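Heads up, the next two complexes both have chain A, just with different partners, chain B and then chain C.
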Partner chain A sequence: MASALKTYGTLIGFVLVVVFFWIEIPDTFMTAKNWLNISQQVSMLAVVAFTMTIVMVMGDFDLSVGSMASLAGIVAALAFHDGYGVGAGVALALVIGLAGGLLNGLLVAYVGILPFVATLGTLTVYSGLAFLVSGGKTIFGRDIPVAFSGFARSGIPFSDTVSVPSLTIVAALVLLVVWFVLEQTTFGRRLYAIGGNKEAARLAGIRVRRLRFLAFGLSGLGAAAAGLMYASRVASANPTQGSGLMLDAIAAVFLGMTMSEEGEPHVLATLIGVLILGVLGNGLTQMSIDSYVREVLIGSIIVLAVATSSIGKARG
Partner chain B sequence: MTLLSIRDLDKSFAGARALGGASLEVRAGEVHALMGENGAGKSTLIKVLAGVVKPDAGVIEIDDAPVTITSPADALRLGLRFIHQELSVVPHLSVAENIFLGRDYPRRWGVMIDWDGLNRAAAAVLAGLGVDHIHPARKMARLSVGDQMLVKIATAFQDASVEGGVPARLYVMDEPTAALSAEESQRLFAVIRRLRAAGAGIIYVSHRLDEVMELADRLTVLRDGLTVVTRDIAGLQKLEVIELMIGRRFAEGYPPRLSPVSDEVALSVAHLSTAYLQDVSFEIRKGEILGLAGLEGAGQSEVIRAIVGADGGHDGAISLAGRPVKIDEPVSAWAKGLAFLPRERRQEGLVSSASIAGNVSLPHLDDLVRFGLVLDRAAEAEQAVELGRQVKLKSKGPKQKVRELSGGNQQKVVFARVIAGKPEVLLLDEPTRGVDVGARYDIHALLRQLTAEGKAVVLASSDLPELVYMADRVIVFRDGKVTTTVSTEGLDQAALAALCFGTPTVPSA
Partner chain C sequence: MTATLRKRLPAAALFLSAVFAAGTAAAAGKIAVITPYLAQPGTQFYVEAFQAAAKDKAWDVNVIDTKGDVAAVISRLEDAATQKVDAVVINVDPAQVEAGLAAVKDAGIPVVGMDAGASPYLVTNVTSNGYAMAADTAAYVANRIGGKGNVVMFVFDAFPPVQVRGVIANAVFGNNPDIKVLDRVTPDVSDGGIADSRAKMEAILAAHPDKGSISAVWAAWDQPALGALQAIEAAGRQNEGIVITGIDANPQAREAIAAGGNFEASMAQDFHGIGKAAAEAVAQTLAGKPPKSSVIYVPTKLITADNVKD
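On to the complex of A and B.
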């Protein structure tokens, strides 16, 4: 019983949350439309959490993802403002994301700064840059091309009344790619080995520094993608709009980690973590419950999930 | 007067016996040396005393009354103090603060710390040990290792007022001089003599025979977990001590050599130097087992680590089969056909959260790829099964987690990794340490088979019989330098031990 609770506690919690809202909101919660709606609401968080999983597999963190998301949205919007096309703006933002991520990787892997400190520093830098280049203003209206903002409103028809949102599809594709990279490639296997025992991995011929460097690059890339999705969804970009993503993404990965016997992050488990956060947000909003209550609940759930999975591990 | 008496202590870890009939008796006012080879059971015995390891059987008495020590707090209450070479000090605090750590500092007006009073009290404690050159207000980090050791002893010494306990009366010192200069060691010995004169008992563990002969009153020798003898030091010769430690073991239990050594050089190392090593040169031929011997930390591990680039750069040249190679990180060592088995299995060898297959494949993942990047799990599992069979691994299958395996089987997993890439040269650092007898034999048989296939094996070991019976030649290290190279033809363990200890009284074999 205790061991089942340790491994499946988070999953059981997720089911309970779903059942709770199903009962409390009988008419609208358990519908295809609402679930597609949830999937779109969580798609940005999902992308950040999936790519965050890549660095957390190695036992590292990336605190700069929220700022990077904001910066990427701003960069794309400014590019549009200056007359560049949708493709060019998006590409530029993604390159900035990759470069920012690789800078984190450089600081962590080659300079040797703790990830917490390095990415805390770049969090501030990227956030400052976002304000700097935007002049602190929101970029919206005619500056944002319809082709860009229309993407978030588009979808693939599912039935006569509902369609699968494009953002959901993007998140699903990122999930597929990250799952493939982490679970099916030698690259992923090496990252897990680093997370398991950095020194043993290095002595067994794994290029620990290079892999950490690259993994942070992917995290930055994911953050930039999420920033673009956000900007598309709200048809505007401002220098703070990604700021909520970082804590939620780390929380989602942590929730997922509680489902692994080894305490390793796996991207499918991260998906469950993302859905817990998303369903709570959606359900509580439908019940017209204050968003602060949501925060209290989410914080409690994380602590509870990690506590149940840590039972018996404490020493001293 | 007998202070401490330990009788017939038994302890096994996962089937491997660490102690079996270990006894030790320490009198008040004596320095008692505890001697034995690596793995003889000294550490386990000390851990039992410290309440860190629970014995399977045996009696511990203090002042002739049986005691049970189930935690470090128990040991502290009974007046036992432990001084290790790895010191637990708080480097950013002052000497005085370290001495009084966890206790109430003297106060001024009830709230402010009376720093002068604290420093005076610390100075008094140090003076009680005859130490007057350490200023109590200095930061601990700025002290030499030797002075830190003295402060640590001072901490233990003044530690009289443990809640419900007795004052410090038995000090256990485990290789205290390992990192000390000769002068610092002498200071330490002066302090130890003072403690002895004050009626304390001291259990002194050291590999340095000269020190033991100089300092100790009696010695107890452990061998394979059993107390062999307790003797007065007076009248004892160094060579006798060595013989007591290693015993007279036989070649039985070692697989015979299968093939002669070839003439072709597999690996040559010329003028290898690092921060620690000084100008190490040697050659090893195909089919040869070259032993690296010496006291703990004399340079054997460092040579292997330097060759595979584990610690970054080094001076000197390395050639494989006559071709010069440059290796500055482990990944290039593996790629060039050098396989490495690190000394510390858990910290450096295994990813314990991963499966057997995952641990075996780690350096060889590039050989297990389909379509350029997809890991071929079937081939990986197949590899683990095949190699597991070769190393006689006992497991539930390639997917089993390595942390569920016994020490011997874990080591076999590392061995499977070592042979997976069909390396030309194997660099093995203590490959049979902490491994049960059966697994040890399997590993030795595997080494014979590999050398018969023409592989060269560099074998660093603190297990002298293993070197004498498995190696063809042995290089002896001392303080990072090669002192001598001997053939094992007709070499006996006592002679090899004498070479390691640097005792010149033995005729060279």
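On to the complex of A and C.
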């Protein structure tokens, strides 16, 4: 019972937050439209957090995701500017994301640099590249095709008044893929084995280096996808616009990790972490609570959730 | 189990106290002010002025700062639409948040821009006249150097509000046949703009070593003007009569102007006036008589050593 509460404490906290908002904002919070809004608002963070979960399963980090998201948006926008179609621009940005991620993987797995240091380095490199290729400016207006910016505003009609936003659908698809890869394939199980004990995994015949290399590639790919979603949503690309995603994504994975008995990241738990951040943003805005109070609350909740779970584990 | 509950209690208490604090305002109108730029001094000034005006009108104002995150502005606009506020005030490029503005429009909520940029989604945009500010400082430079000499320009064409300033200054200098624009420099602004402008100016000074070879520096905003001032002083050329002007009249620029050195003039935007006028535009809109013009200009003022202390 106690251990169940330890494990589900974050989930219970999430439910309490939702119930709280439901009571406080009875008319508009618990509506399909608002939840679809929330799902769209968190979709970019969700994609980064889901793919960040893949590297965090191995006990690694990817600090470069925010600047990769910015770089991907800039690359796509510049491609559009140069007359490439939406498909080509998006594909190019995703390739850059994958390549940047694999470079992280190369540095971590084969060169042997600590992920924190390696991705801190590439964070700076990708951010610098985004500034370099864009000349530091925001690309917007006619340079962004309507077909690209329209995507973030489109959706599949759900009823007369509400529709499921395209960005939500993308995030859901990424969730499905990451869940499948991590929970249903040998690849995923091996990543968890690496996270458990790298040396043991290696001795058991797992090709640790190759798997870490590939996992970082997926994280870069996810970051690029999120950057494209962001650029579509704001109909523009700016060399710094993705930078806020990294810390929130790591926070979401940490919140999710508190829900696991072993402290392992699982992508469905990451989803709860993402939703906690998103629901707080949405609900507190609707309650007209000062945005700085919101920051303090979100930070406190992260620390409390992680503290609760780690204190519980230390005692157990 | 009790340990878990005990750990959660402070969070709940913090939560509730925040909620009660927010719930006390009596509302004659619920206004959401949304900006990613609250950390910038100008934005702070007009948000404060807006809040002061709103207090007189007994509005319930919620200021939302997304800390540089433009996509979050869209999210908060959607939330404001869900919340059914009476009006929204934004301080961000409307073109970048159209998805959110559309949601607010669908909810029938008016949006007023506070130094935001023109957009069909806005009832009106309250701002300073960038054309006029550039004309004032460029004309000041042209007059001070007697319509003759070499001028260095610091511009930033990537940012539309600053780009218009450069266009106007070009026109003023171009209209003086004896004024030659020596260089049109775009500084790297990622470090705030002063340091790189100084480096660029040092290079230009080195390339033009003779006294009188540079008559003036016209900068489209204050940071490059301050950088140029530092370069001129470091090169020991502060007594050559090089005239420097900026725009924005930020505190550092005012200090330099008051010191009576080469930095002679800048333009003060009336941030307070912008906030007040934005509140007025909201009041008119709520009363069913929205302002007719899609842009409302709040007058700006040339700041020189004569009036910098006012």
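Definition applied: the second predicted complex is superposed on the first by the 309 of 316 C-alpha atoms of A that agree within 3 Å, B and C clash if a C-alpha of one lies under 4 Å from a C-alpha of the other, contacts with A are read in each partner's own complex, and residues count from 1 in each chain.
Everything below uses one rule, namely that a contact is a pair of C-beta atoms (placed from the backbone, for glycine too) under 8 Å apart; a residue touches a chain by one contact, two chains touch by 3 or more.
Note that the coordinates shown come from a computational prediction; the quantities given were computed from them, not determined experimentally.
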When the two structures are superposed on chain A, do chain B and chain C clash or fit side by side? fit
Identify the partner contact of A:159: answer first if only chain B is touched, second if only chain C is, both if each is, neither if none is. neither
In the superposed model, does chain B or chain C contact more residues of chain A? C
Given the touch rule stated above, what does A:244 touch, chain B (first), chain C (second), both, or neither? second
With both complexes superposed on chain A, which partner does A:205 reach: first (chain B), second (chain C), both or neither? first
Arrangement angle, chain B at one end, chain C at the other, chain A at the vertex (C-alpha, nearest 10°): 130
Just chain B (first), just chain C (second), both, or neither: which does A:282 touch? second
Please give the least Cα distance, whole angstrom, that chain B and chain C reach in the superposed model. 23
Pick out the shared contact residues on chain A: the ones touching chain B in one complex and chain C in the other. none
Under the definition above, what is the set of chain A residues touching chain B in their complex? 184-190, 192-193, 195-197, 199-207, 262, 264
Once bound in the complex, which stretches of chain B touch chain A? 308, 310, 329-331, 333-335, 340, 342, 347-354, 358, 361-363, 365-366, 368-369, 373-375, 401, 417
Looking at the complex, which residues from chain C come into contact with chain A? 1, 3-4, 7-8, 10-12, 14-15, 18-19, 21-23, 25, 30, 32, 60, 62-72, 74-76, 78-80, 82-84, 93, 95-99, 102, 158-159, 188-190
Can you name the residues of chain A that touch chain C in the complex? 1-2, 5-6, 9, 13, 16, 20, 24-25, 28, 31, 33-34, 37, 40-41, 44, 131, 135-138, 140-141, 149, 152-153, 230, 233-236, 238, 240-241, 243-244, 281-282, 285-293, 296-297, 300-301, 304, 307-308, 311-312, 315
